[in-house]
């Protein structure tokens, strides 16, 4: 089962207009930048992107917005902390202009919704967000003496993830805090595309140290290790 | 943060009558036998045990029943497949005599209920069991065009888990299919006790290859590697 | 409903071969306990990845006596081997994978299958245990989670009673999930029109199969001998 | 409500020290963005394990320029270092851990705290974004999940407005979760009776603190200078 694609462009070629795409990465760490750039080149429109941020630590997702490819963003930390930096960000400008729909969830709820989708769970009750704007329009229910919100699974058509190593069968190994969203987004995506720094033959990974079982990954593509200095504004 | 206990007996000494205890292990693999034996010696009564099986592949949990320590068992595969073997099993005899309360869940629901408890999720909707006896008394609800059952979190007072290696801080590394229930039971238990074949100093494990972060483990105790031939009746 | 004569059909091994022929290359497959487990003997070298619900992908053949590892078992607690690309995960992840729709096919045993594709396999009431307890194991999750559910079972019980029923009388594992039934006597597909007899074992006629099957079978226009 | 004079209190570093003194040995702690992050400078060598919500336990001090690893950051996207016993996990596991009650203490920044312990920290309406979006990040999960929530913040806004309020006017992060507030001017505990002024910064009086605090403070019988 050889899942290796020859290039990032071929790996994202079939993404249609209107697709939803989960994109891994916590600020600078573990963001599949080459796949995002390929998607900018590919040009699919009316996309829903599901990712932590829309600029901070990584400008590439903002380029999708600047390129008018994004209809909706589902995030947990979309904006630059600095109001002045935000004022010139394509995402923040598009939101203010009413040109980009946005939905925001607490980080734990955000990733749990993706995890639920991959795990065949339709919905779950979380205590996070009770008594805040997050509860608007959601069912609130008591279990024991505590209130919880009902949150439904969020299943993206595609997932873009990042790994340090993989084999040709799609088993992924991540590195330190670059793991972040990769395992659960990989499981959530109907088609998961992994940008990987190094691809080895089956049998060359330690089966006990695989972070994403290959069954979740449909396409693997080799990319160069990025070089950047971690920081956000 | 040194969590090492000198012996299995000291590790289980404080378990009170009436406690609920999740016990890891898939038939023969990864069952924390020395902890179960210590609990037989310790003698706590009216226990609720939460584990896959009550005999098949491992007789030790049956000894807790034979020793009249168990009030209730929550399982997914409690009985010997062989009716004749089952007829002489303490668990099956106690169930038939009405002396042991038992609740059975599908395997995926069983471990998801424990996972929910560890993850602060009050309840979740699963498609498993719809249209079967499992749905009895449970809320059934449609999401999209499919029906799901509401299942609540199951939080044990204690969890007995098994690992191949750990450090003194409770980070656990499991081995192959002996991993099974250990990670999610460890997270679910209010007090988690890990029986470990080899305990090393902090820094000697690869942080990317830890299966159970130490925060979930309160007590670690060295045990000898068991030797058995995997089989069930 | 019981046949007077005892029909002679395929061996368990050949039933497993017939199931193996049904599996697609490039697919992920879970094999249940019993006859389904034997399917693994027929797929060596094929591009099929087996999942074991204990928490393993790419499960290899059964281990020979000298290669038994106590920490390396399948869901039936048999010692197995690794293949290149095998990996391990927790029980919870294993069932996330199963419920999440990542098994292309599950091959399961059964006590009964109904003409609507209902599956009953986790509890035999004749054992006399309370009706709400028994060895559910992974069967219910596999039955609802797999994209395709194939049942592999003997056509009748040891007492000669039909296991393919108008309605299941035993406790259900799941409703309307089975799409193909492979028995020692026949291959039957479950369709919205009803059960379609697709193939019969050598020396077995459609009438023979009907005689040990409770619901009325639709005979396929392409009825053939079981393809092995 | 605003004080006429600008009160001179603790530096951010000393506020972090005061918070560090509050943490218990043998505890697991998550530090939020801003002043809370500085707490890490005061716990080296202590038996306290820091969690970073990006997916790391036992986060070490900030990395010096020559030791920066791009795959090793904290939740503020600062390069950090490992300690013996550090381990990594996914975002989902990180928040399972947080919601599941495994953080003994979370130290968070805030825009406002109410006298009932309500916390508002994720959105400043003055930025003019729609009221239901903003950078929630991990704050809501930490606020409801941690066993103890300590807020570390400046006592007043840049404009001199009180941040400790009868009711929060900014969007809430969570209700009734804060138990201790450490500011540049005071240490205040949130109790069922109301806010209790426990400690004041050197040269600052209880009256000074009250003058920049909206709700009425109960003066502790043991009122002391901030313990550093």
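Here the chain labels run A, B, C and D in written order, and each chain numbers its own residues starting at 1.
In this text, a residue touches a chain if its C-beta (ideal position, glycine included) is under 8 Å from a C-beta of that chain, and two chains touch if they have at least 3 such contacts.
Note that the structure is a prediction, hence the values are computed from the model and not measured.
**Q** Given the two chain pairs B-D and A-D, which is bridged by the higher number of C-beta pairs in contact?
**A** A-D
**Q** Based on the averaged CA atom positions, which chain is farthest from chain A?
**A** C
**Q** From the C-alpha centre of chain A to that of chain C, how far is it in Å?
**A** Centres of chain A and chain C (C-alpha means) sit 37 Å apart.
**Q** Distance from the CA centroid of chain C to that of chain D, rounded to the nearest Å?
**A** That pair's centroid distance is 57 Å.
**Q** I'd like the Å distance between the centres of chain A and chain D, where a centre is the mean of that chain's Cα atoms.
**A** Using C-alpha averages as centres, the distance is 28 Å.
**Q** Going by the contact rule already set, what residues in chain A reach two or more other chains?
**A** Only 112, 115, 119-121, 126-127, 174-176, 179, 207-208, 211 qualify.
**Q** Where in chain C do residues touch two or more other chains at once?
**A** Those would be 56, 88-89, 95-96, 98-99, 145.
**Q** Connecting every touching chain pair, does the picture come out as line, ring, star, complete or other?
**A** Contact pattern: none of line, ring, star or complete.
**Q** Identify every two-chain combination in which the chains touch.
**A** A-B, A-C, A-D, B-C, B-D
**Q** Under the definition above, what is the set of chain C residues touching chain B in their complex?
**A** Within the complex, chain C touches chain B at residues 52-56, 68-79, 88-92, 95-96, 98-99, 127-141, 144-145, 171-175.
**Q** Looking at the complex, which residues from chain A come into contact with chain C?
**A** 1, 115, 117-121, 167-169, 171, 187, 201-203, 205, 207-208, 210, 213-216
**Q** Tell me, which parts of chain C touch chain A in their complex?
**A** 26, 28, 47, 49, 51, 56-58, 82-89, 93, 95-102, 145
**Q** Which part of chain A faces chain D closely enough to touch in the complex?
**A** Per the stated touch rule, the residues are 26-30, 56-57, 76-79, 81, 83, 86, 92, 95-96, 102-109, 111-112, 114-115, 126-134, 136, 164, 174-184, 211, 226-232.
**Q** So in the complex, which bits of chain B are touching chain A?
**A** Touch list, chain B to chain A: 112, 116, 119-127, 143-144, 146, 148, 152-153, 173-176, 179, 206-209, 211.
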